[in-house]
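Here you go, one structure.
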Amino acid sequence: MSAMAPDVQQAAWLTIRLALTTTLFLMIVSLPLAWWLARPGPWWKPVLGAIISLPLVLPPSVLGYYFLIAFGPSGPGGWVARLWGGRTLAFSFPGLVVGSLLYVLPFAVQPIQNAFRAIGRRPIEVAATLGASPWRTFWTVAVPLAWPGIVTAAVLGFAHSVGEFGIVLMIGGDIPGRTRVLSVALYDYVENARWHDANMIACGMVLFSFIVIVLLSALRGEIRRTDA
Amino acid sequence: MSAMAPDVQQAAWLTIRLALTTTLFLMIVSLPLAWWLARPGPWWKPVLGAIISLPLVLPPSVLGYYFLIAFGPSGPGGWVARLWGGRTLAFSFPGLVVGSLLYVLPFAVQPIQNAFRAIGRRPIEVAATLGASPWRTFWTVAVPLAWPGIVTAAVLGFAHSVGEFGIVLMIGGDIPGRTRVLSVALYDYVENARWHDANMIACGMVLFSFIVIVLLSALRGEIRRTDA
Amino acid sequence: MTDSSLLRVAFQGRAGTFGYDFALDAPAQGVTALFGPSGCGKSTILRCIAGLDRPAAGYCALGDTVWQDAKRFVPAWRRPIGYVFQEPSLFPHLSVRGNLLYGAGVRSLRRLPPDLADIIAMLELETLLERGVAHLSGGERQRVAIGRALLRRPALLLMDEPLSALDSARKNEILPFLQMLHRQIRIPILYVSHDIGEIASLADHVVLLAPGRVVESGPWADMADRLDNRRGYRPDHTLPDAAATDCRAARSEG
Amino acid sequence: MTDSSLLRVAFQGRAGTFGYDFALDAPAQGVTALFGPSGCGKSTILRCIAGLDRPAAGYCALGDTVWQDAKRFVPAWRRPIGYVFQEPSLFPHLSVRGNLLYGAGVRSLRRLPPDLADIIAMLELETLLERGVAHLSGGERQRVAIGRALLRRPALLLMDEPLSALDSARKNEILPFLQMLHRQIRIPILYVSHDIGEIASLADHVVLLAPGRVVESGPWADMADRLDNRRGYRPDHTLPDAAATDCRAARSEG
Amino acid sequence: EPLRLAVAANFAGTAHILADAYTARGGERPTVSSGSSGQLATQITQGAPFDLFLSADAERPRDLIAQGLADPASRTTYAIGQLVLWQPDGAAPPHAAPLGAATLAANGFTRLAICNPQTAPYGAASIQALHALGVYDTVSNKLVVANSVAQALQFARSGNAELAFVALAQVHDGHGGAYWLVPQKLYAPIVQDAVVLSHAPHPGEAHAFMTFLQGPQARKLIEAAGYVVPATAGTAP
């Protein structure tokens, strides 16, 4: 373990960065997307909502293969990478973030969308009659009222991007310091029967995540609701 | 492909059975659990809620390893298995269901819990003043009003148990007809670079799941809400 | 009056900064009006009687049936009450029909006994039955809420300003119906209203409240004059009277 | 009257089975009361004026400012209105203070200009400011809703039965204040009420509605007698009058 | 930037030992990225920035060479895997004969773990051995298939399976239990080849490591870890 300690530290730090970055972008993407999906619209809107859930039905490592090919030299990712002289989008931190993001998106969009729906029309109307622009209404009425759903999305997104592994392993390539996150390191230890190290890391991950999740949940607070 | 066809058929059928069974039990477990978590209670209730999310932070294959130990002859699973003369819960369909269930639980409990919370106190109180027992209130008021959250839980749970793979791989043993589900078969093809077969199966899984998810979402209907 | 003809109620408790200590006996028949300024605790009393709130200390009995005392607390759903909330509070997932039948114990309107079917006719709900409740007008909602509480055939009716969103023509139909109701089937009614006209035409007994406590109570005949002086609607818009001042004083202390 | 002193409104549309065709001109100052049976479309008119509903065909202009015509539709949030909804509809996530300030354009109550600060005093909301809205009494909620709409300093005030849950003592304070308000700062008020007393003391102009249409409209002075005959509160509980019968007939056709 | 080794999972532990020995001679320590051979090969085709690929088979390096992604001259057989049958402590029935071919023939167990014959060479070798021993038909319904040799070991170590076919390199790590070295004649040799990749970020260093891999020190370490080293190292078949 002691020989591995700097390695583990590096992986831990990378994991935290990946989970937080993913969660951040997850919120940035899923808030407007969920808001848009929650409003009434044409028939293909719910269909699009269903499509978002589809990545889930493929095993992460298989999805990872497809991502890998899409990111690779002959996929669209490769064309993009060539712009700055790279060969592939995979095997890099941004690549990991994109992959994790797509995978956890449905877990975030759906609860937020439900929370937006549950607000109902009235608070939005009241805000309008008080002169609030749609932008202000979104931030001062819709988001606070949908807060529990948003926190849930963040918790699930964070937890899943800490634990996600199939995709990260495939598009990351287990490169120490660049894409070797704790979950991959942990997998390695288990594969190599280094149980003691594996248990240590697992405990650490569970503990850290427990703290983050409890903190996030505390952010949810207690929603104050009238009974009217 | 044609040589694999009966094999794939068997795996497909098993996948459907596993996903539907898991979703069913998921609902049976998470409805009361979410209801209980949604009601106000002592400080450790939200902590317990956070603990439910923790399996997510471990890579499925690692979690699978712990399950393997828990299901084995010297774990609680072994004691249970001994009741019907078995040695272990691993490598069996019920074992897969239990494993998948634990893994998808947080995705189901949290949205349902939020939906129950969003109902507020009033409809529950009204039902009480109309003489409805808590049991009747739960089924005729709480569940219908939380319906979108429940459907979301079912959709996520279903999709995830179709695609879940790490845990199934770890505790299933890939026994054709018993634990070899499509996601595992798909992984094999991808590993061996049999892209044609892999793409066929992946398309089939995505299509089938798309249909199920759209049907499930249609069940969600449009919730009618007063503005009051 | 014997015990069995009384609604006996005593609640002591606190909600946030609002402390209360109510004690009142009302006849277990006829209409008892609760009358008092906004925020004095009228809804609180109804909620405690219904068993929705549980005050720190309380006693509540209708006739010989004790719903709450030091040992006992009958949960709300076992108390045979009908409650018309201050806001209509209809079930948003049910149609008007579904709302009406929820407490009625039958599955179809055709199974309703004739006297209950009359209620739907009187409230003019026939044409609304298939509608969802989201797009009802304010008055329509309130009528559904009244119908829903009555169809339960309660042994005690709690009504929190049930007619406030109704036009006077409809009020004029519903009021005599309520009177008839309590005379025919002898349901006692506890009735909150700000409208002295409604109280005049309905109430047999009046309870006058100040914030957190009962000021006076008695038969309408005894109370009418005093009430008229204290709180009647005066088109000359004079300043608020003593009781209302009480109220503000008490609140700023709290 | 020139165009610039009128609120001109014409809405044709349909909501489910309820079809309407309203056309009314009201003075762009003073209080105009909308009066009609439950379900006749009073709230619908207010919603259309506020821009919350968009009727199939419509015209809406306050003075020289057109909010809606064949080409144009100013969204609700750009119309300088204050709306007191039939249900208080407070923001559940904000305190009383947060609700009051939401439309006021300032961040602290101390920044309020004195005339707006008076509103809070008049509605006796000072002691409630820090409270969440979940545990307010019905009347307290309604007062917050009124204050919130007034603090926006609207150019047109739409009030849907704003005083129905208030006791008469409070009504007697708020009514003259509203009168003063529209006289001093000349906000025109469109006011829905079932209470002839309120209308008598407030309205300059009265619009009488039947389901889906305007029956008559005119200055209070002209309408008072007729109105009193048609819809006044009569303690003798006579049967519903002609207009109410209209209403039912129209609805059973629909 | 260190040298990056892409190493088949079964060799990852040994690769770490080799990396340490290599570093002891000076220079930065190579990093070890492990995964299944198939996964690593796909990653290499998609531009993974590895210098060397130590596969668990001979086929995948050959494929990479065919695609122009690896240097044909560099291909080396660095190890030949040895299959063992492993049994955890306490899993043997009382009075059983010592672990061996007879254990399989006696059929006194409920589960035998192997790794996936379609993706892992050790799995294919296990099947061959079972056929050669003539017991395949009697035990085929007791097989549970793991995704890698490591997982097969986990199946047995956790007690869920009483027996497992794994690599000798794994049981050297001291997990207790008993093992039987399956005779080489019962299965085709598990030839593990290494190549230097065409897109290697550090080609010079990569070839240096390849030379080290064929040197006496590395051979001794590989042997000690539980592999056979080909007699004429460096000349791939």
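Think of it as A, B, C, D and E in the order they're written, each chain with its own count starting at 1.
One rule holds in what follows: a contact is a pair of C-beta atoms (placed from the backbone, for glycine too) under 8 Å apart; a residue touches a chain by one contact, two chains touch by 3 or more.
In this text the structure is predicted, and so the values were computed from the model without any measurement.
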| Count of contact steps on the shortest path from subunit D to subunit E | 2
| If you take the chains that touch subunit A and keep only those that also touch subunit E, what is left? | B
| Based on the averaged CA atom positions, which chain is farthest from subunit A? | C
| query | For this structure, which two chains have more C-beta pairs in contact than any other pair? | reply | A-B
| request: Fit subunit A to subunit B on CA atoms, both being copies of the same sequence, and give the resulting rotation angle in degrees, nearest 5. | output: 180
| message | Quick check: how many Å separate the C-alpha centres of subunit B and subunit C? | response | 47
| remark: Between subunit C and subunit D, the Cα-mean centres are separated in Å by 27
| Whole-Å gap separating subunit A and subunit C, where each centre is the average of the chain's CA atoms | 51
| field | Contacts with two or more other chains, residues of subunit C listed in rising order | value | 87, 89
| message | Where in subunit B do residues touch at least two different other chains? | response | 65, 122, 125, 187, 190, 223, 225, 227-228
| note | Each of the following residues of subunit E touches two or more other chains, namely 39, 42, 151, 154
| said: Which residues of subunit B touch subunit E once you look at their complex with the stated criterion? | reply: 65, 68-69, 71-74, 78, 87-88, 90-91, 169-170, 173-175, 187-188, 190-193
| field | Residues of subunit E touching subunit A in the complex | value | 4, 6, 9, 12-13, 31, 33-35, 39, 42-43, 45-50, 148, 150-151, 153-154, 157, 170, 173, 175, 199
| message | Which stretch or stretches of subunit E touch subunit B in the complex? | response | 36, 38-39, 41-42, 110-111, 113, 116, 118-119, 143-147, 151, 154-155, 158-161
| Contacting residues of subunit A [partner subunit B, same complex] | 46-47, 49-51, 53-63, 65-66, 106-107, 110-111, 114-115, 117-118, 120-122, 125, 148-149, 152, 155-156, 159-160, 162-166, 183-184, 186-187, 190, 198, 202, 205-206, 209-210, 213-214, 217, 223, 225, 227-228
| Sites on subunit B touched by subunit C in the complex | 122-123, 125-134, 137, 140-141, 144-145, 147, 223-228
